[in-house]
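As structure tokens, here come the structures.
Both of the next two complexes hold subunit A, though its partner changes from subunit B to subunit C.
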Partner chain A sequence: MQKIIKFTVVLFFILILLVFYNSLNRGTNYSTDYLVGNKLTSISLKNFENNKTLTNNDLKKNSYTLINFWASWCAPCRIEHVNLMKLSKEENLKILGVNFKDKTINASKFLDDLGNPYDYLTKDTDGKQSISFGIYGIPESILINDELIVLKKFIGPINDQDLNVIKEIINSS
Partner chain B sequence: MRLKIIYIIFFFNLNLSIYSNEPSFESTIHKNLRCLVCQGQSIADSNSDFALTLKMVVKDLIEQGKTEDEIYNFLSDKYGDWILYKPKLNVENFLLWFLPYLILLIGGLIILYIIRKKGKKT
Partner chain C sequence: MLSNTGNFLLIINIFLSSLIIFKSLNCLKINDNLIFKNIYQISLLQSTLVLICFFTLVAAFIVSDFSLITVYQNSHSLKPVFYKISGTWGNHEGSLLLWVIILTIFSFLFLIYNNNHPKNYRLYTLIIQNILILGFLIFIIFNSNPFSSISPLPKEGLGLNPILQDPALAIHPPLLYVGFVGSSIYFSAAIASMIANYSGKFFARSIKSWVLISWTFQTLGILVGSIWAYYELGWGGFWFWDPVENASLLPWFAMTALLHSLLVLEKRDTLYFWSIILCLLTFTLSVMGTFLVRSGILNSVHTFANDPSRGIYILIFLSLMIFASIYFLFTKYKPTNDLINSNSKETFILINNWFMMFYLVTVLLGTLYPIFTDAISNNKISVGPPFYNSVIIPVVIAFLFFMAIGPQTKWIKNKFLNFKSLIAILGGAITINLAIIHFFKSYSLISNLIIISSLFLISSSFFDILKKKKSSFPRIISHLSFGFLILFIGLNHNFSVEKDFNLKLGETKKIDDYEFALLDLKLNQETNYKAVVGELKVSNLATKEKRILNPEIRIYDNPQTLTYEASIQTNFFRDYYLTMSNIDRSEYYNIKFQQKPLMIWIWISVIFLSLGGFLSLFRNAKNN
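So, the complex of A and B:
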């Protein structure tokens, strides 16, 4: 019996060490990257200029869609805009812009000044729709295919490396 | 008559205190949802932009008649179990749920063994 007790105590300490080791090696920054592979359902976004609503069926027509959440007040959005303009030239890709908690006049000026890379432009005035996409800050972008399955998530501005990743994915098939 | 008045005051105060201490359905949900952009705060404790938006979404879902579990399922689908302070039981976290009971059981057995052993000696 004493052997069993010793064995249990040793096993318990090994377990604690394993838990500590695992926790210390885990990344501390929250990321929704692991939600890649999920299917987007019930998309309902209001058009930027009129009261029409963009739904799942509108996006199913495209081979690939990049959903980009942006705002004129967001400084990193300005940085990534150059790369979005580059991506807008890709034939296999449509870009859906979701203007997040922004004023229409400021958003329009932003696009007039820097160019409009978006094939679809929608707005999420109160930010509630963005919760359905698992967004917790902007800029964030989600690359989906024609089945609306998330292929990649980009938290923060799309940089040159992300640009290449997107090009690689959309030109792979 | 005086006794009746005392009774009425007593029960009136008791009712008030019961209602004032009881957290609302909405605030119970808020307390179990992590503010992802804050440091260790629930959305109930936070006034961040993300927390305020999430509170609006929770309110909408309640108005749509969703249950507490349905709201948690909806949000964990979007943000993962990390958004829940009390995550659902699954393969990854079953140890977290059952380890304390297991340790209690093993500890109890060890104590029982030691007591019996001492009892036999005496």
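So, the complex of A and C:
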């Protein structure tokens, strides 16, 4: 009996330490890099203006889609907006905007002032949908192909370098 | 220059620690009760040099010597001197040096203050403590060296995280370190006691003061951290069950349990192995906490940078500690015949221990569960306040009753002579509770029970003061303040008022009994930040009371960060707490206003709780 107890105690601690070791190698809790290479499943986003839902099938038609998470209250979103406007001129790329935890009036004003680069505009009023995309702060953008596989993830505003990376990918095929 | 001095001192210290271990082993071979004089001398030298080493780093921070990476990454020449100094331990490398200081000084003090205990026991304690010191010194030199230099010399430092630039946070780490790093000495003593077969009440006496010191400082450290979170994080709460807070609470539970079990060990010579387990557990939990917050597994202000190699090192260290503890426990454990009468002080102290273990396991589960689910199933979840509140609060009610009755009982065998007075106290507590409900407002059943049980503890502690001898005064102070703490938390929770709204300059808004007006916004330039200071008038329409609050939005330059400083007005009855945050592309500001009753009394209760520890420490020192 004593042996069993001793064995269990040792095993218990080994298990805990192994889990600790394992978590160490996972990097930070909030890393969403694992998303790259994965396929997005069950997309369901509400249209910005009406109650239609945007699903997987809508995006499968495009060779490339850039999903951009933004809000009118987010200052870096204004910075990246110029680059989104440039990307909206690309033929191979459609841009899907997800308006994150925002007020409709403010968001519309934002787009009126700065231009609308989005081919599709959806909203995520309570921020719940974005979680399934691994978004934890905005702006963030995800580049997917026609099979809905994540090619690249951009955390923070899309800068000139990111712009070139995206152009390279979409014009390579 | 400072880099070389520091490195040199670190290496000398490694040498000194090894020398102490070597000399102690030699000394153990000689069959008398005398410890070589040079062991004392080397220990003194070791403590002195560690302090000099630390002050070398402090000097580097004061003169902004950016040739040291640590200074470059965590300081800035324009920072006020006070924060330059506190920046020394506001980072991973510097704080490890603080670890080593506590380890060494405790090691030296334990050696000189325990000369009425046998030589073997003292020397083994010294050896084990120095193994710990060596472990940390090696960690510092090879992985986290605060004296690493950088070239070319940077012109300017990167600055200290603004939310760490705060008086409370300047003293929070040293206090907390005396607490949980201090627990290392009874970890060492516990293993030494098993090796040297030095058990029972004498062992209890040798470590009691150290447990009291660490418990008192741990309590204060947690308090200061909590005060900081209250006014700096801007959420108006003071405890969030954040994994990092839990990491400091876990050793506290173990220490509190140990403090009580030592009473039994000292008086009745039983519960020896249980006390040993608690000694080992306290420091193990401290190192585990350090591992969790420093390795980057948990993200918080304590995670200075994500460097997995640090985590690996602390994890190896932790594993060695755990398995050494288990090895000694298994090989030295002798089943003892601890006969305890079910109605005696011993039983009540054991009940305290079981409550503490319950809290410990609950908080440990809540803290580790998300890490486990993430590691095993890739599922990210978080365990929040609802879990802790619903599991812990109901149990606190019973705990408070036992805490009130326990001290009234007698050792060995108890008779309840004062049953009637207990009923009377309970009646009194219920009446006061009903009075609060009658005059103010009603609250939930659980809140009722919490307030009744805390009043029960408070009143019975007051009766204790009236009739008891002076000797139990420290205990009464601590128990009384714990009762008050829970009472104030209960009342604070039930009587807080919170309003959340948007306001623009010149606008006045009326919500329920309150009227808010944003009168003015000023831009102030301070030495290390710019501040937008709001002038808000808050009028209570019912009481006609008016007050001006000045919340700030601070823009720090180095590194560039935005922080929201709450404006807090404290009086003996309540705190007025107001934060203001800007809304982008809008002239409106988001205002959070809270009126929190009895806030200051929560802090005062905790100060008195630890004061009980201090008093007990002085009494204990006087008796020995």
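Note that the second predicted complex is superposed on the first by the 141 of 173 C-alpha atoms of A that agree within 3 Å, B and C clash if a C-alpha of one lies under 4 Å from a C-alpha of the other, contacts with A are read in each partner's own complex, and residues count from 1 in each chain.
As a convention for this text, contacts are C-beta pairs under 8 Å (C-beta built on N, C-alpha and C of every residue); 3 or more make two chains touch, one makes a residue touch a chain.
These figures come from a predicted structure and were not determined experimentally.
When the two structures are aligned on the shared chain, A:Q161 is found in touch with neither subunit B nor subunit C. Residue contacts after overlaying the shared chain place A:G127 against subunit B, while subunit C stays out of touching range. Applying the stated contact rule after C-alpha superposition, one finds that A:M1 touches subunit B and leaves subunit C untouched. In the overlay built on the shared chain, the residue A:V10 is in contact with subunit C alone; subunit B does not reach it. Once the two complexes are overlaid on the shared chain, A:N57 sits clear of subunit B and of subunit C alike. Once the two complexes are overlaid on the shared chain, A:A75 sits against subunit C while remaining clear of subunit B.
In the overlay built on the shared chain, the residue A:S42 is in contact with neither subunit B nor subunit C.
Shared interface residues of subunit A (contacting subunit B in one complex, subunit C in the other): 30.
Those residues of subunit C that touch subunit A in the complex are listed here as 291, 295-299, 306, 308, 311-312, 315, 318-319, 322-323, 326, 330, 368, 371-372, 374-376, 380, 583-586. Looking at the complex, you find that subunit A touches subunit C at residues 6, 9-10, 13, 16-17, 19-30, 72-75, 106, 110.
Across the interface of their complex, subunit A is touched by residues 36-37, 49-50, 53-54, 56-57, 60, 75, 77-80, 82, 103, 106, 110, 113 of subunit B.
Of all the residues in subunit A, the ones that touch subunit B in their complex are 1, 5, 8, 12, 30, 32, 34-35, 38, 101, 126-128, 130-134, 136-137.
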